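Some structures to go through are shown next.
Next come two complexes built around chain A: one with chain B, the other with chain C.
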Partner chain A sequence: MALQTQSQDIEKETAAIIDVHEHQEGPLLPILHDVQGKFGYVPEDALLKIADRLNLSRAEVHGTMSFYPDFRTEPAGRHVLKVCRAEACQSMGGEKLADDIQRDLGIKWHETTPDGKVTLEPVYCLGLCSCAPAAMMDGNLHGRLDEDAVLKLVEEVK
Partner chain B sequence: MGAVLYVPCDAAALAVGADRVAETLADELRARDVEATIVRNGSRGMHWLEPLVEIETEQGRIAYGPVKPSDVAGLLDAGLLDGGDHPLCHGLTEEIPYLKRQTRLTFSRCGITDPLSLEHYEMHHGFLGLKRALEMTPAEIVQDVTDSGLRGRGGAGFPTGIKWNTVLKAQGAQKYIVCNADEGDSGTFSDRMIMEGDPFVLIEGMTIAGIAVGATKGYIYTRSEYPHAVAIMQDAIKIARKAGILGVSVMGSDHAFDMEVREGAGAYVCGEETSLLNSLEGKRGIVRAKPPLPAIEGLFGCPTVVNNVMSLASVPIIMDRGARFYRDYGVGYSHGTIPIQLTGNIKNSGLFETAFGLTLNELIYDIGGGTLSGRPVKAVQVGGPLGAYFPPSLFDTIFDYEAFIERNGMIGHAGIVVFDDTVDMLKQARFAMEFCAIESCGKCTPCRIGSVRGVEVLDRIAEGDQPEQQVELLTDLCDTMKMGSLCALGGFAPYPVMSSLTHFPQDFHVKPLTDAAE
Partner chain C sequence: MTLIKETDFGTPQSTAEKTVTITVDGFDVSVPEGTSVMRASMEAGIQVPKLCATDMVDAFGSCRLCLVEIEGRRGTPASCTTLVEEGMQVRTQTDRLKGLRRGVMELYISDHPLDCLTCAANGDCELQDMAGAVGLRDVRYGADAQNHFKMRDGGGEVNACWKPKDESNPYFTYDPAKCIVCSRCVRACEEVQGTFALTITGRGFDSRVTAGMSESFLDSECVSCGACVQACPTGTLQEKSVIDIGQPERSVVTTCAYCGVGCSFKAEMRGDELVRMVPYKDGKANRGHSCVKGRFAYGYAAHQDRILNPMVRESVDLPWREVSWDEALSFAANKMKGIQQQYGKESVGVITSSRCTNEETFLVQKLTRAVFENNNTDTCARVCHSPTGYGLGQTFGTSAGTQDFDSVEHSDVVLVIGANPTDGHPVFGSRLKKRLRQGAKLIVIDPRRTDLVKSPHIKASHHLALRPGTNVAIVTAMAHVIVTEGLFDEAFIRERCDMDEFQDYVEFVSDPANSPEAAELLTGVPAEEVRGAARLYARGGNGAIYYGLGVTEHSQGSTTVIGIANLAMLTGNIGKKGVGVNPLRGQNNVQGSCDMGSFPHELPGYRHVKNADARDIYEQIWGVTISDEPGLRIPNMLDAAVEGTFKGIYVQGEDILQSDPDTKHVAAGLAAMECVIVHDLFLNETANYAHVFLPGSTFLEKDGTFTNAERRINRVRKVMAPRNGYADWEVTQLLANAMGANWTYTHPSQIMEEIAATTPSFANVTYDLLEEQGSVQWPCNEEMPEGTPTMHLDGFVRGKGRFIRTDYVATDEKTGPRFPLLLTTGRILSQYNVGAQTRRTDNVVWHEEDVLEIHPHDAEVRGIKDGDWLKLMSRSGETSLRANVTDRVSTGVVYTTFHHPATQANVVTTDYSDWATNCPEYKVTAVQVSLSNGQTDWQEEYQEHAARSRRIEAAE
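Entry: the complex of A and B
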């Protein structure tokens, strides 16, 4: 019963999101972004609803969604820490920083801490190459980082 | 109205605490009962001094930085509001050598104005280019852009005017202007800075492009990693629409033009124009074979101009000051100015807009001040993750499209990443292949499989497994990727690899087996 209700809620919320974007040209990505913004991931029920309303096959929607690293099929931890792995950050010790963070959190890339608090994702450039190394915690940017500064960020959200 | 202070809202400034500085400043001013306005401007591009606080004085704006929240009270005690002296004071902003040496055309307003103030924009020559364009025929506008010598700033360097002319002449009930703001190259942020610091210039440039080729709809495709740029751009579009700049009648003319911002979803390859178009259409960001060119069959099969942010943001000043004015800057076939981004391990990191023609030596040492770590420079990567690594012996190369190509490099989106002598070039070569493997769209075999094999071969070199044969294999593989890939991702990934191998062979030397066993 509960499951059914949840599934109905997802369909309803997804339909409302589709209403907003339907008139746009190529509305699929904006819809997927909003669905993920709403639920924290793209639930299967939402995917089916999108396919139905946009007159696409389930495979087409799944194909688009799965191409893009941003879209998740399962919820992330409560906070998402994205650490830049690209060259400018490497030149300022980004690789060691990333290793330290993985060790300190006890997880690897794409994993979530056992308490469900933090998911760690790599990112290839935040455009903060002039104040490297850089990271993003839930949409907030942080530059000129070192291990202590990142640990402080994690402590703040925990 | 009291004192006017500036604290940037640019993402690079925010990442180092600009919001907290602005809040502390506001609190302190309130506590001291001082009437003052804090303007959240774009960044001046001197990122090593961010957060850079400025105060308006009779002599001009005076700069303080980098300011921490804990510095604010002390700065006010030292007479910040009158431009008082302080260890963090750099004097008049415009007199700081880093800024004074620049030729700011595209970035003429960035860091000076409130990004979302139309009044500021117009006070600083905003919309003069568009107004002039509205008095011209489409063919005349295209001719001016062609005559200016402007070439695509995204990296390929294709003449912008020629692209526009193709779209102008193409038949189609609907045409589009697509702004490629998918700035994924490491070492670059000029697109982000303009979107966050002077969004109206991009709106103006795209509108001129629309009028020139007969397009009524524009899209800015940018990155989900740029949430601040997205928000500011969206606000700026709303403001422009309300003011009648965008809409059914652009500035009261017979031309219609409107635009939207679209966000990517973390795929680097979507910076490639055909992949970007597929993504905009709501599909997987798979690269399309060319021809047909997007100028003939682009977005939804319609004639489409796909230009980089920097190209489009350079159009207003070309229209305002004339093709000749712009063309006179630069060297050889590289006309105008280029916003160079000095990044990575460099002291004076930031954005430096200058005419083409400076050498890497001048940029890295005279302007950039050498490495931040104080160690010797070992290599620089110019042009993003697909750009070549250059050793100091090539630092006499001038910043010019052709000069870089001649030395098997590319200027790309004009980002320079500096590495000191602790860098291991074999690792960098491996990363280039790894990055290509992660980001490949999967359409063509040389890129999809070649990059994976590239990582394996480099791992074998690192392990000392038949290094000579592996190097030969790697060279052959790189040739195949260069020649056989559909787009620049697979086609250029060999550049960082081969340049590392060519210029830093010592890093590809194999450790004796006894070392490895230890």
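Entry: the complex of A and C
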């Protein structure tokens, strides 16, 4: 699993991903996406390899990656719950829902439950305003949520 | 004198030829097409408020302060990103604009500390200036809101947005609390310096300037060039010296005394204290850029090791005795006179310095020619660029580079041979990298993978990683390709070169023995790479060659220089912008010291001592008879000393014991002399064998001129009184007068008058002209009254360019079972030459000892790991240093620097030298490397001897 990936493997896998995208214009973002897809995060070794192959500085790849909150520097839990905190959801009780979930899971934003199962992330609009408050579990959208509905979602994946 | 502030036009100058006229606030202004509205306004004398724009970098359009109104356009476009169009009507100051700007400023200030009175940038802060310019009177947004500048919030909790200062760099501080995220530093690092060490992390309110991957500045790729500090409009990036001292009150424009780029700097002063050195935008060599050495490493001038009083001793095993100037000078004069009486006129000589001014060098060679009455003068150019003098003199007719540095902006293909400009000539390196990022192609010929071969946004099209010592084979192989594939420029050759010699050369070079395939056996470079490189250079557009000591410091150094000149002539790459043959000179004034007649066979202006007309000019003025016999070169002086016929030497500003090859031989030569006079800032290694020490002055303490690698004569200006009492030219004059001369110079400008009156290529040079023009490139005479940026414009100086055969002869220094590896030496960015100055500054944080680069394969078979102590042995000697295991060097090649006396890399180098000029073969030594547990006996003995020789008797 991702956590045990050795740095040699990271270099090898990253090199294979770079081979795929290297020749297109603006290859950095597609590469970062695939690396995160592969490892669940963007390991530093991968980032250094990307900088070297694309002939960019360490600062440049770091600056680009840090611009996008979705790119992780460390592995997430098994499941990622993203809760919308944008205006429409706020107006439908999203703030309270956000507080409840944090209290129930015992973690704050960007943290992972001690059993390594769920990572909690804020997100600013999922485009599901008509069904606010909304959240996304492992890429699947869920609307008209309340505390119980969210807990149920969590139970299902646990 | 006041503080010089160059006008900041906000965006770079456009080079377009077509002009466009616009109206700014009712005033007409004509500017080149492609100019920004902001720059056009500034040209009209109207400054539009701005924060993120500065003319060293491209427009960015992020601060929204430079908004203007343009008739017929909606909204308020940013003047920095809007280009001029014919007939544009621009208004820079309307009620609407005033309101908008105030609003923008209010937002900036809401996240900025209001500690102006205690801020180091107070008085030099663009944020402060702009708040004043837009009339900011009130900030409505409370400082209790989220901010970056308070360590703790109102409730005493730590503010997560706040970040501590980064003080890791020894010369400047980064204080994120004051940052307005204008990106000027990031862009300066990218566009001006080309290192790409800085970035903005995060986004929105979380955006922060960071170095590397959110590392400290010191741990990041930062090379401490200072471009970011210069670009910062606030106190965020600030020189530590300004934090310590305060703002300067006056500036003096002068020239850096490190490498051959010869950057112009403003020495910014408060009283006689140097506050900081800031690169001067009007400097024609550096165009406002600098490196870590010139910008920051000046602390040696005030270092405690500096010797300020003259000292003498009867013999070198006694401690030094501090004496008055009079006593030291008469002691030295008596000794030298005594030696000449006993052993003859030829038994003494001088070594001039490539670190001192033209005027000082001129006086030192005048000392030997007019006072000692012999030609025993030599200079450190002997050990670096003497083959350049010979090779270019033979082929083109002048022994100097053909271009100015601006020329690189017009190059399409750049061929770099045996040079590492990003370390050795960093400001030129940055200018070259800028051109490469614009699309110029690069070929690198170097045994080592230098940063130019591959670094962010830079990649050489061809890297010919040759075996050290085979330059001639590679260069001739390239010529073979150009000739046999018909890539040469026949029209150019017919018009400008000697055809007989060309035909002879064609016959020679077409021989299959000179093909890349044949050369491959010698050089180890695949023939196809050589062919590709030759085709690219010949047919890629304007082709420019830049080369360094990797070319000259070989037994065939002069041959390689000739080979390079042949390449340029073959392809017609001479006599216009963007082309040429350009030696990258090692030291600030190595060009000047050669121009000034430092060589034993040449009077100033490269006129041979056999030339009776030239001798006559000096004999008339000096009232002496000048010998028509060439004098001794440095190695000959040392040989003669060991033989007992050469007994006295005056060495100005050079450390021959550390910088010259085969240290043991140099030591033996010095030890055999009866009077060694060292004139220097510090008790250098040579001074261990000296009888008289005359304290020297730094470049900050005297007037004069330096001549850089592009033949540019730049003024050096005195910014403070000499701490030792006298400028170096005064000391030489005092010594000459103590020997019975009657020199009466009262200012270096009088020495320049003498130089101009006697040297045709300097005929028009005066201090008044330099004052008026800033600098001039020689030849500067009646034909070219304001100097010569590009040489050989309509034909070669010598008449017809000469092709000369370049037979490859392998060096006698060969690898074998006992010494299987080849050692080559070089420089790194933060240290300079023997390190006498840079070792006495905080630059040591980047390079505290010399290390040996060795390829992982060579390391593995010897059981060597990174950081291990190694013994490095050659046929000449042995030393020890630590290993740096890296694939920058090829297998079979090891590399080190020579910045530290404890290592003494030159103990290992041999006394082989260039066939034409005796330039030592530093770049090739057969060596063996093995693990060791510490310093060699020799190193320990040496250090003990050095410590003993440096004793100074306590004052009574």
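Simple rule for what comes next: the second predicted complex is superposed on the first by the 153 of 158 C-alpha atoms of A that agree within 3 Å, B and C clash if a C-alpha of one lies under 4 Å from a C-alpha of the other, contacts with A are read in each partner's own complex, and residues count from 1 in each chain.
Just so it is clear, contacts are C-beta pairs under 8 Å (C-beta built on N, C-alpha and C of every residue); 3 or more make two chains touch, one makes a residue touch a chain.
Since we're looking at a predicted model, the values are computed, not measured.
J.: So, A:S130: does it touch chain B (first), chain C (second), both, or neither?
T.: It touches chain B, and chain C stays clear.
J.: Just to be sure I read the superposition right, which of the two partners does A:G63 touch: chain B = first, chain C = second, or both, or neither?
T.: So A:G63 meets both chain B and chain C here.
J.: Once the two complexes are aligned on chain A, which partner has more residues of chain A within touching range, chain B or chain C?
T.: B
J.: Classify the contacts of A:A76 with the two partner chains as first (chain B alone), second (chain C alone), both, or neither.
T.: Touch status of A:A76: no partner.
J.: Go through the superposed model and pick first if A:A15 touches only chain B, second if only chain C, both, or neither.
T.: A:A15 contacts neither chain B nor chain C.
J.: Who does A:N55 touch here: chain B (first), chain C (second), both, or neither?
T.: second
J.: Where does A:L47 make contact in the superposed view: on chain B (first), on chain C (second), on both, or on neither?
T.: It touches chain C, and chain B stays clear.
J.: Report for A:M92: first if it touches chain B alone, second if chain C alone, otherwise both or neither.
T.: First partner only, chain B.
J.: So which positions on chain A get touched by both chain B and chain C?
T.: Touching chain B in the first complex and chain C in the second, residues 63, 67 of chain A appear in both lists.
J.: Which residues of chain A touch chain C in their complex?
T.: Listed in rising order, the residues of chain A that touch chain C are 44, 47, 51, 55-63, 66-67.
J.: Can you check the complex and tell me which residues of chain A touch chain B?
T.: So the residues of chain A in touch with chain B come to 24-30, 32-33, 54, 63-64, 67-71, 82, 86-92, 123-132, 134, 136, 139, 141-144.
J.: In the complex formed with chain A, which residues of chain C make contact?
T.: Touch list, chain C to chain A: 195-203, 210-214, 220-221, 454-459.
J.: Quick one: which bits of chain B touch chain A in the complex? Just the residue numbers, please.
T.: Touching chain A: residues 11-12, 14-16, 47-48, 50, 183-189, 192, 223-228, 260, 262-268, 279-286, 300, 341-345, 349-351, 372, 381, 385, 415, 417-420, 423, 428, 431, 435, 438-439, 441 of chain B.
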